[in-house]
Amino acid sequence: MSATIAHGHEGAHGDAHAHSGSFLTTYVFSRDHKVIGIQFLISTLLWFVVGGLLALAVRWQLAWPWADMPIVGRMLFSAEGGQISPEFYTMLFTMHASVMIFFVIIPILAGAFGNFLIPLMIGAEDMAFPTLNMLSYWAMWPAFILMTASFFVEGGAASAGWTAYTPLASVHQAAPASGTGQTLWLLGLIFVGISSMMGSVNYMTTIIQMRAPGMTMFRLPLTIWAMFITAVLQAFALPVLTAALFMQVLDRVLGTGFFVPEGLMINNETAGAGGGQPLLWQHLFWFYSHPAVYIMILPAMGMVSDMIATFARKPIFGYKPMVYAIAGIAGLGFIVWGHHMFMSGMNPYLGMTFMLATMMIALPSAIKVFNWLGTIWGGKIELTTPMLFSLAFVSMFIIGGLSGIFMAATPVDLFIHDTYFIVGHIHYVLFGSSAFAIFGGIYYWYPKMFGRMMNETLGKIHFLLSFIFFNGTFFTMHILGAGGFPRRLADPYHYEAFKHMQPMNQFMTICALGMGAAQIIFAINFFGSLFFGKRVGRNPWRANSLEWQAPSPPGHGNFDFQPVVYRGPYEFNSPEVDEDYYPQTQPPPEKGGQEKQKEGEQH
Amino acid sequence: MPVEFGPDEFKTNERRTIVTRFWIFLFLLVPILGVGVFLWAPYAGVYLPQDVSTHGHKIDHLFTFILLLTGAVFIATEVVLVVFMWRYDRERNQDPVKFTHGSHNLEMVWTIIPAATLLFIAIYQMNAWAEVKIDRPDIPPTLKVTARQFEWRLQYPGPDGVLDTRDDIHTVNDLHIPVNEQILIHLESDDVLHSFFLPNLRIKQDAVPGSTIPVWFRATEIGAFDLVCAELCGWGHYKMKGRLTIESREDFENWLEQKRQEQEAVQ
Amino acid sequence: MATAGHAHSDSFQYQPALPIPNGKLCMWLFLSTEIMFFAALIGTYIVIRFGAPVWPFSHEVHLSEPIGAFNTFVLICSSVSVVLALEASRANRAGAAKGWIATTLALGVLFLGVKAYEYNAKFGHGIYPALPRSRMYEKPDLYFASAVRQRIQALRAEINAKGAENLTEQDQQRLQLLDEIAADPALGPDPTRASLTALALRIMPLGTAPGEEESHHAGLNDEHPWLKLPIVVPGGNMWASTYFTLTGFHALHVLGGLVVFALLLFMRLDAGKANFIENIGLYWHFVDIVWIFLFPLLYLF
Amino acid sequence: MSANASGETVVDPHAAEHGIGKYIAVFVALIVLTGASFFTYSSLWPFHDEPAVGRLFMMAVSCTKATLVMLFFMHLKWEANWKYVLTVPPAIMAIFIMLALVPDIGLRYRIASPKRRAFMAEPLDVASVEAGSHAADNGDQQHETGGEH
């Protein structure tokens, strides 16, 4: 570990001046943060398709259980007569969630945007440790291969839910896939963890040490603040998950008993000597995975703040409260993990404590929501595609967040725990919020990444369809949940009481298919614009933050001038200047020196 | 030389105004349809199912209370969002941009009011929680429920009234309880996690292998309802369902006696 | 260190918040994550250890405190030697630095050697977590008795497989011993709790609590190492789980450090390498600190 | 870039302050402290009946040792205030996660199910052996001893 770190450091220095390289070092094993960011972006979009198709299979089964899957079914499960078997269904949603969370949302936010934006936005030429950075990308591939390989091993992929609750996940006899599949899943996650860990220390070092002159902490764009605090969250939470994952691997491979109680009988077979505590896994898992949900939303919030300020042409409302809110969410995020365990048989007094903390975590979120509203108040809003996605983020996050309040209330959670209410909540915060912010972010920073604009019309159609079909798919889940419809059921209509909910599920599935189709438009736009998009200059959105002062796309070393920062990133429509924007690098008019700056830009 | 391209592209024109209105309308649909769905839900029969317990109404009340509260917040915030989008649209808004970095007073207001609200909910719900999970009745267990892949094993004390003796009465997936009586269940699991979910009694409790977890409630109406397993427990999770029959004391005892005789006949 | 930034006119200027090199900051951050990793493991150990109904005495699981203490000593020495290597390198005495690094490497290897010896001692007694069961039983129950019976039968079959005429003197004695053990009341038709306990104690006597007199008689397994009979170690499975996991992860960290020290031996450790040595030193001290906690927790608690 | 990479700043301003003598002193202190925690295991330790005392003592000793290592070997004694930023939060979080598990998992064996109890480890009942086979033994108890399956 330490060896790589040190090498990485030396490498940073040596590489900064190397302008040419072979194809392999420029595009594949590149140590340039921008290339790594784009690699992350494209890989995660690919994985998004994988996760999305798994979700569509889930939806298919929920709408027409045991019906033949058209075309694909015959190809994939001819043994079952083209149907999804209940074993396979459990694998589907487990892998859907694992791929979406660990291979899409986390790596796209931290990996793709974090990598691309951090050095550009703080005025650095690269990350502090480029080699480490490259390794953090390449650790994702073994992870993904391990995970997907598990579909092809005996017993199939992991099937204990993305939460991998023990002893279902840790005892071979418990589920067909608790053989090799679950072990591969665990190893895959360990690799993801290693990747995130390398990213996290790197981001923290870079943000602490490599800001351009004048870029004080309180002049950082909120995106950077969010990335920074996300990195801190990862640094503290992830090792705990890694330890827990290792313990589960040991339970499965070596027969230790951390999560297996004694006297376990499965299919009339004893399962190991045991002596451990099944709930210990849940504590350790959620100690990471609750902060992880904030790892999945904070960068999105940061990005949205930037976009909203830019397109409302107005300074962000309450910059410092926003920063404190991010920090508050992170801090509180560590003491609420028990809200996933209200019904788990946890000490009920502990449940009350966690409930109180969970209620309080809505506060910083409230501050953020109100400050976004405050930002668009009195502005001049331009409804570009990124802005539409950002406003949709706010709108959807309110729904997702408010549904969290129901679950935080322990007695209500008693009823809605493990029902579709939770599934609705998950997708409102993860898809409606995080993924929408990601789409917005892609439209917004695409010109910086590739020097070309994405097509606005296609973008708006993508937004329109995504927005409508997203709500169509997931809003109804709330009332399904209120009706007691349990999640993770391969065939909910096995229960008489849920039969009448099938038409709603069919409606949701049709919407989900529509949402998938909408993503095709996005894919066309994304890849087509690489070749046909309009070329852009440095600052197409007339934004203030540093990345827009660099060339599009930025060359090696990012800036062709020494960035010096004079103010915060959100000084839109400042009375000091005539323009409606005021770049961070532009010296104040009184002090003169504007010529010098202009010179710098014309390089 | 790269072309400078930016927001100017979308300068004023007729088409743009219409399109903008369209987006604003789309965002307005969110609160309208959102509220609509919840109003429609009870009629469609996808809403809180019939409650037959003594504590259930508290949970339902809390649900409704939080629904109204969050509903109000939801409508307010979404409407404010739409109104701002409408009012401060680039075309419509002729006033200069309000160049401000925020307001300390406003921040205080919108921190303290939600804080108070949330604290209120937190304290308000504690009693209901205590009633279901903390204030355990001081009575001997009515029956023992053992979850295993993929069935519910129920064990009633026999004539001696004590559990775990030879005269215990065993059934599978067939849970009978007397109405209007305090019931105390000892919940166990043989293999993996399961969850003992009685939607109509507003009861849910995971069964953890290795622990005995008490569950208590009091049913108020006679009838037959579902017993659902609500924690993923393997491929057969979906079919791990039981039947709950709430009946009068008399029927219950008859049933128990009948089961006992059936059991003896087998032995 | 802003000065360094100014030194390169063609390079970028930064405004670092902390007056330390990036590498050192990164190492400290990395150590924070390591702290959390071991905190999770130690936390697990603590709740399992104190939640357990019984925990084996160290002698029951062949844990030797003096050996553990010796290993503590070895690690402390290596911490000193690595800090001396840093001093030497800072003073630009490359040769001395390399000497100290080599010393550290040697001490680390010694530590791992002792660890391997300890592991081996436990494996030799059948103490390890294993599927479905190791040779350890949690209580003297019927499972235990039947396992003993099976083991005796297996041993008998093994000896008899040679054919009656090929049996040596030693084999005869062994068969005799096996017969004698098989006659134990616990292996008869109706074993009692007391007889089962007695058998367990006969195979492996109880360990002693700290401060008590060492028990004098050795068990069957000690007297006749070839027997390898199942043993009863109440709490043994969780003991083995936690012991091997905690020390194992610690040993892996030691190994990681050793690899870097080995690489350092191929470099010139002059002042230019001082920062690098400082960073690996920080890591090494951290590994030492982890052991400082593991030793009392695992050996003395 | 930063100083170390360029390899320019190498003169340690504190070199004089903490010479080898200091390290040797710390080394001796660590050895002595190790001896101290080892001492709780010897027969001279007075609190064998109260294991908690010994454990607390050992943890205090360990913390002292860790502090010594951090202050002197890891040079924290001579560092600027950033040392608090980088060490205090992890320390708090580490202690927090260990403590957080206690109220639930740590006390969990108290609600163990009868089935689990049947399999749970228990101290060997030496007294029953000494009492010989007169001890109350009957078929039922055998059954219990052996587990049900």
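In this document, chain identifiers A, B, C and D correspond to the written order of the chains, with residue numbering beginning at 1 in each.
In this text, contacts are C-beta pairs under 8 Å (C-beta built on N, C-alpha and C of every residue); 3 or more make two chains touch, one makes a residue touch a chain.
Here the structure is a predicted model, which means the values were calculated and not measured.
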| item | value |
| --- | --- |
| Longest centre-to-centre distance from chain C, chain (CA-based) | B |
| Chain centre separation (chain A, chain D; CA means) in Å | 37 |
| Geometric centre distance via CA averages, chain B-chain A, whole Å | 26 |
| Centre distance in Å when chain B and chain C are each reduced to the mean of their C-alpha atoms | 47 |
| Chain A and chain C: spacing of chain centres that average the CA atoms, whole Å | 39 |
| Residues of chain B touching at least two other chains | 190, 209-211, 213 |
| Junction residues of chain D, two or more chains touched | 1-2, 4-6, 89-90, 93, 97, 100-101, 105, 107-108, 115-116, 119-121, 147 |
| Residue numbers of chain A (touch at least two other chains) | 9, 16, 209, 236, 240, 261-263, 265, 270-271, 274-275, 277, 279-280, 287, 349 |
| Those chain pairs that satisfy the touch definition | A-B, A-C, A-D, B-D, C-D |
| Sites on chain A touched by chain D in the complex | 9-10, 12-13, 16, 209, 236, 240, 261-263, 265, 268, 270, 274-275, 277, 279-280, 283, 287, 334, 346-347, 349-350 |
| Chain C contact footprint on chain D (complex, rising order) | 1-12, 15, 20, 23-24, 26-27, 30-31, 34, 37-38, 40-43, 45, 48, 51, 54-55, 58-59, 61-62, 65-66, 69-70, 72-75, 79-80, 82, 85-87, 89-91, 93-95, 97-98, 100-102, 105-109, 119-126, 128-129, 131-133, 135, 137, 139, 141-142, 145-147 |
| Residues of chain B touching chain D in the complex | 164, 188, 190, 209-213 |
| Residues of chain C defined as touching chain A within the complex | 10-18, 21-23, 25-27, 29-30, 32-41, 44, 47-48, 51-52, 128-134, 136, 138, 235, 237-238, 240-241, 244-245, 249, 256-257, 259-260, 263, 276, 279-280, 283 |
| Residue numbers on chain D that touch chain A, as the complex places them | 1-2, 4-6, 89-90, 93, 96-97, 100-101, 103-105, 107-108, 115-116, 118-121, 147, 149 |
